[in-house]
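Chain lettering (A, B, C and D) follows the sequence in which the chains are written, and residue indices restart at 1 in each chain.
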Amino acid sequence: MALFEAHGIHKRFGHQVVLEQINLSFESNQLSGVIGPNGAGKTTCFNVLTGRFKPDRGQVLFDGEDITGLAPNGIARRGISRSFQIMSLFDEYSALENLLIALPEVRKRGFSMMRRLDADSEAADRASCVLARVGLAGSEHRRAGDLAYGERRSLEIGVALAAEPRLLLLDEPTSGLGADATARLAELVRSLKSDYSIVVIEHDMRFLFDLADTISVIHWGQVIASGTPEALRENKWVRRSMLGRVE
Amino acid sequence: MDALQAIVGRWVSREMLLFLLVLVTLPIWIEPFGLYQYLGVEIVIWMIYGFGFNLLLGYSGLPSFGHGAFFGIGAYAFGLFQVQIFENLLLGIMGAVAASFVAGAIVACFLSHRRGIYFALMTIAFGQVFWFIAIKWHALTGGEDGLLNIPRPALEVAVTSVGLGSNVALFYFALSVLAVVIVVLWRLVHSPFGKVLQAIRQNETRARFVGYNVWLFKWAAFSLSAAIAGLAGSLFSMAQQSAYPDVMSLHASGIIVMMTLIGGGFVSFWGPAIGVAVYFLARDVLGTMTETWLLWFGLLFVLVVLFKPEGIAGAWQQYVGTGSHRRVASLFRLGRK
Amino acid sequence: MSQIIPHILNGLSLGLLFALIALGFMLIVGVMELINLAHGSLFALGAYFAMMIISPNLVWTGAVGEFWQAVPLSLRYGLAILVAPVMVAVVGMGLEFCMRRTYGKKAEYGLLMTFGAALVIEEAIRLVWGPSEQYLQVPQAISGAVLFAGLIYSKYKLFAALFAAGAIVLVWFFLERTPYGAIIKAGAHDSEMVRALGINLSRLRLLVFGLGAGLAGFAGIVLTPIWGLRPHVGIDAVIPAFLIIVLGGVGSFWGAVAGGILVGLAVGITGAYASEWSLLSMYLLLIAVVSVRARGLLGKKSALEA
Amino acid sequence: MAELKLTRRSMLKKTGLATAAGTVTFMGPWYYNRVYAAASDKPILIGLTSDASGQYANSGASDRRGMLMAIAEFNERGGVLGRMVETIHIDTETTPATGSRAAERLITRNECAFLIGAVSSGVANAISQVAQKYGTIYLNTNSSSPTESGKNCHRVKFVWDGNGKNFAQAAVKNAISSYGTKWMLMTNDYVWGHNTSAATRQLVEQFGGEIIDEILVPQGTRDFSSMLLKVQQAAPQVVAAAVGGDDQKAMRQQVSQLGLGEKMAWINNQQDWPDVYGLPIENLFGVFGTTWYWKLDLPGVAEFVQRYQAAYPDTRMRVPGNVFYNGYMATKELLSAVERAGSTNNHKVIRELEGLKVSAHDRMQHHDAYMNPATHQMQQTVYLATANQGTEDQDDLFRILSQSDPEEIRDAGADAACMMESLDDTPTFEM
């Protein structure tokens, strides 16, 4: 059984069907990619999988447990962590504080009211480690809102990592990045590959085809193909509907 | 000795000592300064109210426009306890805190999934409900005329008993309550709980996706803040020796928001204290000079909102311009999108 | 049983008036996501402007005023009911102009700005027109009483309900039949979308605020002949406006109308049978509805709401 | 209460010490400058606590004019006990909480010898509680709640207006014989309304009338249509309304629109002059009470009106009304009492006031008046009036129907309800 499975997901907004009969499965210790053109329903799909929206129909299983319709915090607590395409940080907090908040040990003590968080050196060390891992060592005390765009992208992933996830979902991590920065980010994701089960949404084909173990293609709210990058390159349908347009 | 210092240092900051020092000496200099002891009592009480309110407004980003309700509930609860049950200072205060906490907790159940102006709208509606009940239920509250002849019970510590009949005595009692509130709140805003509240203010969605039950945090912040408002209310009913529905009106609830904001509650822990002091002083100064003082104060307020929305504390921080206060300058880039 | 019919009819007419009070508030909160706490002050201002037009202060206006006083009341009233809301709309636009500094900052600042404006306007009224009770003259033709089924009704009340219905229809027309209305209905608080549609956002806000303020002023003119006119009369308007908006659902035109009518019915019927509950009834109604439907009767999920 | 006595003394002493020790005392821009000289030259400072904003702002202004005119008259004659009388005013905002604060400020900060002024009973209560704590004499000039001289009476408080029960006593018996026995009550749903209606009910039943229904009017009611329909359906002969403040103004307007004022007899408790002045006469309906009217045919009245007009040439209100009158009379009697006592010592002045008797001539009323020592309410003539339909004079709004002797309209319940502090329990001082 795969680590994460979605069966027959349907989602409508008003009269508009956004997702139709989506079936996905992500294996552990792999990097799975989801691609599709803008407006294909990728982000909506992520939002359904992580609890932001309830699906109208269908089932989401994580490690065998049915997590359909759970609230985002419930899903997060089970070990699914995500980043956002539109940057979603705690802008007034320092980079370090952004990570501290996301640490599971801090989360467990969320209702501790009389203990000082800034005096907790163990948590700070752990947060520093994560910060170093996403290439932001030395930026501990800079405000998240003051970081450069590329750094914010990294921090966005860092916050998701700090939650020590069993499954890491990255929503268009290269969105808005130039070629150099995209390459650096690819390096970062590659370095995470060995330690985490990762799912990445992208429309940057090259980025994903280089990194992913398996890829699913979503178009018009449906999964139109899935398989290894090699297999998909050969898929005529995919070539016609996507690659031609993007490349 | 060092160990003791370390412990004290962890609970008390330098600003705190300075602040309390100014207030401790207040009864000595307030009269030569041209003011009167009772004003000091009210200022301290409203500071307690303001600090508690800022936990909600400044730290959690939840604008409550109906907080006067909890202040009033505290005042009535204290008064009723003294008059109907028996005269006891600390039990009365605890009763008031409990009553306002429970009221706050119930209201919070209706509010905690909301934010921004929807939150404000609901707090106004609930504030009005409580205000109306206070006026309507005259058998209990004395209605429009208020609950009168509330005693100031003596403070009984071990075998000694300290009367709080004089305004100076009540001032020191209220000040010790304020000191406790400040120390506790200072700790609280630096605790994981406080940090999460601030995270929720900055980005509620992300807080949810890193696994926090945002609803529960908002609920707790609201209830706590209501309890502190009730604490202040109980002291207020002692100061006035009566409890009136007016403090629960929309107008009065707006005033506490106004004070907290003018002082700079969004950018500084001390904002509410500054705002309360400025409001009461301005009111006393302008109030004896002109009958239309509210017009001038209103204009002043509008100008502050327009040109210095970070309030007095914000202006000060900008003036001092130290690195640690940099967050002020960029705080307001955060917009309504 | 037949005893209750007059009370239901009365409740309906009352409901139209409540809806009128809430209308301007609804527009501003729906489009700008701004709770206009100055709504009540603008309401009062409308009535004072109308009073100024109908019976100008002769000390200030001299011969012109005396000439104008000789003009038939119905003409003066007609002019007042057209011009005074426009004057309030201008004041509202001025307020919006000041508000611009708060856009893009925390939503609370807009709220506080209107709170300050409410204080200033009310005090200014007190300064200009004095603190005492005044009255707004209405023409003979629409005042007095009518006899119906053995009961006396206020003729003015019926006309007031007609005015309210007229204003409701006009706002409906604005929302349904004008391009601005389409934007507003589409959820104009999403400023990016509005810009994408090529709409000048700042002009839209100016218009909406002006319209909302004008409606508040109009409501003031219609209601003060019933309520009486004093500087703090606005507080009597702003609180029902809130309750109705929360009850009906934020940003919903029909929600505001339905909310107003429900409140009117509740107040009217309890007023007759359990009068001490007549004011509380609107609060109870609110709690009942909000407990069942958190977003109010017809409220839609808003972009800013969690 | 004993400790409070000490507190105030010691507090005053402390201030003195600080000054004596040569510390620089910063007076602040708001410091009220008074000349501290020999006690005999020191002005007598009176704190005016009338409302300048809120529901009773207008009445408050009228009240204050009355006090100021009385004080000016004393000062013209060389003051009181050779000392000039000075005043300081703080707006009590028609808000009890503000009333408390204002009283604390005036007593402890400004060291006022006396406090005067109230329209709202809530504010009067708040002030009198503080005043009692310090022993400062407080005159409630214009709040007509029966509780003021009943449940909430205080040793230091003196009430100068007729109260709801007085007015009811004056009106009910007459109304039953002239209009009929089928009565209906409209009661403002708060303390004053309930007390007043209870008094009316008792009197109606005593004189053989019947209350067919009572409509409770919540405070803040602006639309009376449903209640007025209800009244029509019940068709009483007399409606006795105990509705006050802004509610009353709204009701008045709506009753007059319907012409209901002519359909049945209306008894209104009291109409304060500032509340009706400048409004069309149609807005006045039914029978109502007042303590004084500017066209009473009594010696001194015309001259009093002239003094008013000379003192306040610019006011919108061209003639004085009952609120002004009460403010004026209260202040005048207080200052006279100080003169008679020969001292500002509060206990002496209280005793003087408790024995106060004023001749009809001096009060410009039809009967002699006196202060009831048990309740501290002025027992005075009460007039019933109605709208003066068809008058040409815009200022001549009332037509006086009758006057009642203070003894006939005594609020008998007050003596039992009033539990006053003893003089011994009241701190004493002299300013």
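The rule is simple: a residue touches a chain if its C-beta (ideal position, glycine included) is under 8 Å from a C-beta of that chain, and two chains touch if they have at least 3 such contacts.
The model shown is predicted, which means the values in this text are computed figures rather than measured ones.
Asks: With contacts defined as at the top, give the pair, B-C or A-B, that has more of them.
Replies: B-C
Asks: Using only Cα atoms to place each chain's centre, name the chain farthest from chain A.
Replies: D
Asks: Chain with the smallest distance from its CA centroid to the overall CA centroid?
Replies: Answer by centroid distance: B.
Asks: What whole-number Å value describes the gap between the mean CA coordinates of chain B and chain C?
Replies: That gives a centre separation of 33 Å.
Asks: So what's the Cα centroid distance for chain A and chain C, whole Å?
Replies: 48
Asks: Measuring centre to centre with CA averages, how many angstrom lie between chain A and chain B?
Replies: The answer is 41 Å.
Asks: Starting from the mean Cα coordinates of chain B and chain D, work out the distance between those two points in Å.
Replies: Each chain reduced to its C-alpha mean, chain B and chain D end up 36 Å apart.
Asks: Pull out every residue in chain D that's touching 2 or more other chains.
Replies: 52-53, 189, 218-219, in rising order.
Asks: Hey, what residues on chain B touch two or more of the other chains?
Replies: Where chain B meets two or more other chains at a single residue, that happens at 136, 214, 294, 334.
Asks: Going by the touch rule set out above, which residues of chain A reach two or more other chains?
Replies: If we look for residues of chain A contacting two or more partner chains, we find none.
Asks: What are the touching chain pairs in this one?
Replies: Listed by label, chains in contact pair as A-B, B-C, B-D, C-D.
Asks: In the complex of these two chains, what residues of chain B are touching chain D?
Replies: 28, 31-39, 42, 135-136, 138, 142-146, 148-149, 163, 165-168, 239-242, 244, 246-247, 284-285, 287-289, 291, 293-294
Asks: Residues of chain C touching chain B in their complex?
Replies: Those in contact with chain B are residues 29, 33-35, 37, 98, 101-109, 111-113, 115-117, 119-120, 123-124, 126-127, 191, 235, 238-239, 242-243, 245-246, 250, 276, 279-280, 283, 286-287, 290-291, 294, 302, 304-306.
Asks: What residues on chain C touch chain D, complex-wise?
Replies: Checking each residue of chain C against chain D gives 3, 6-7, 10-11, 13-14, 17, 126, 130-135, 143-145, 151-157, 225-228, 230-232, 236, 267-269, 271-272, 275-280.
Asks: Could you please specify the touching residues of chain D with respect to chain C in the complex?
Replies: Per the touch definition, chain D meets chain C at residues 52-55, 57-58, 61, 189, 215-227, 229-230, 232-233, 246, 249-250, 252-254, 257-260, 263, 274-280, 283, 316.
Asks: Would you mind writing out the residues of chain D in touch with chain B in their complex?
Replies: Interface residues on the chain D side: 1, 3-4, 7, 11, 14-15, 18-19, 23, 25-32, 52-53, 88-91, 95-97, 100-101, 104-105, 108-109, 121-122, 125-126, 129-130, 133, 145, 147, 152, 189-192, 194, 218-219.
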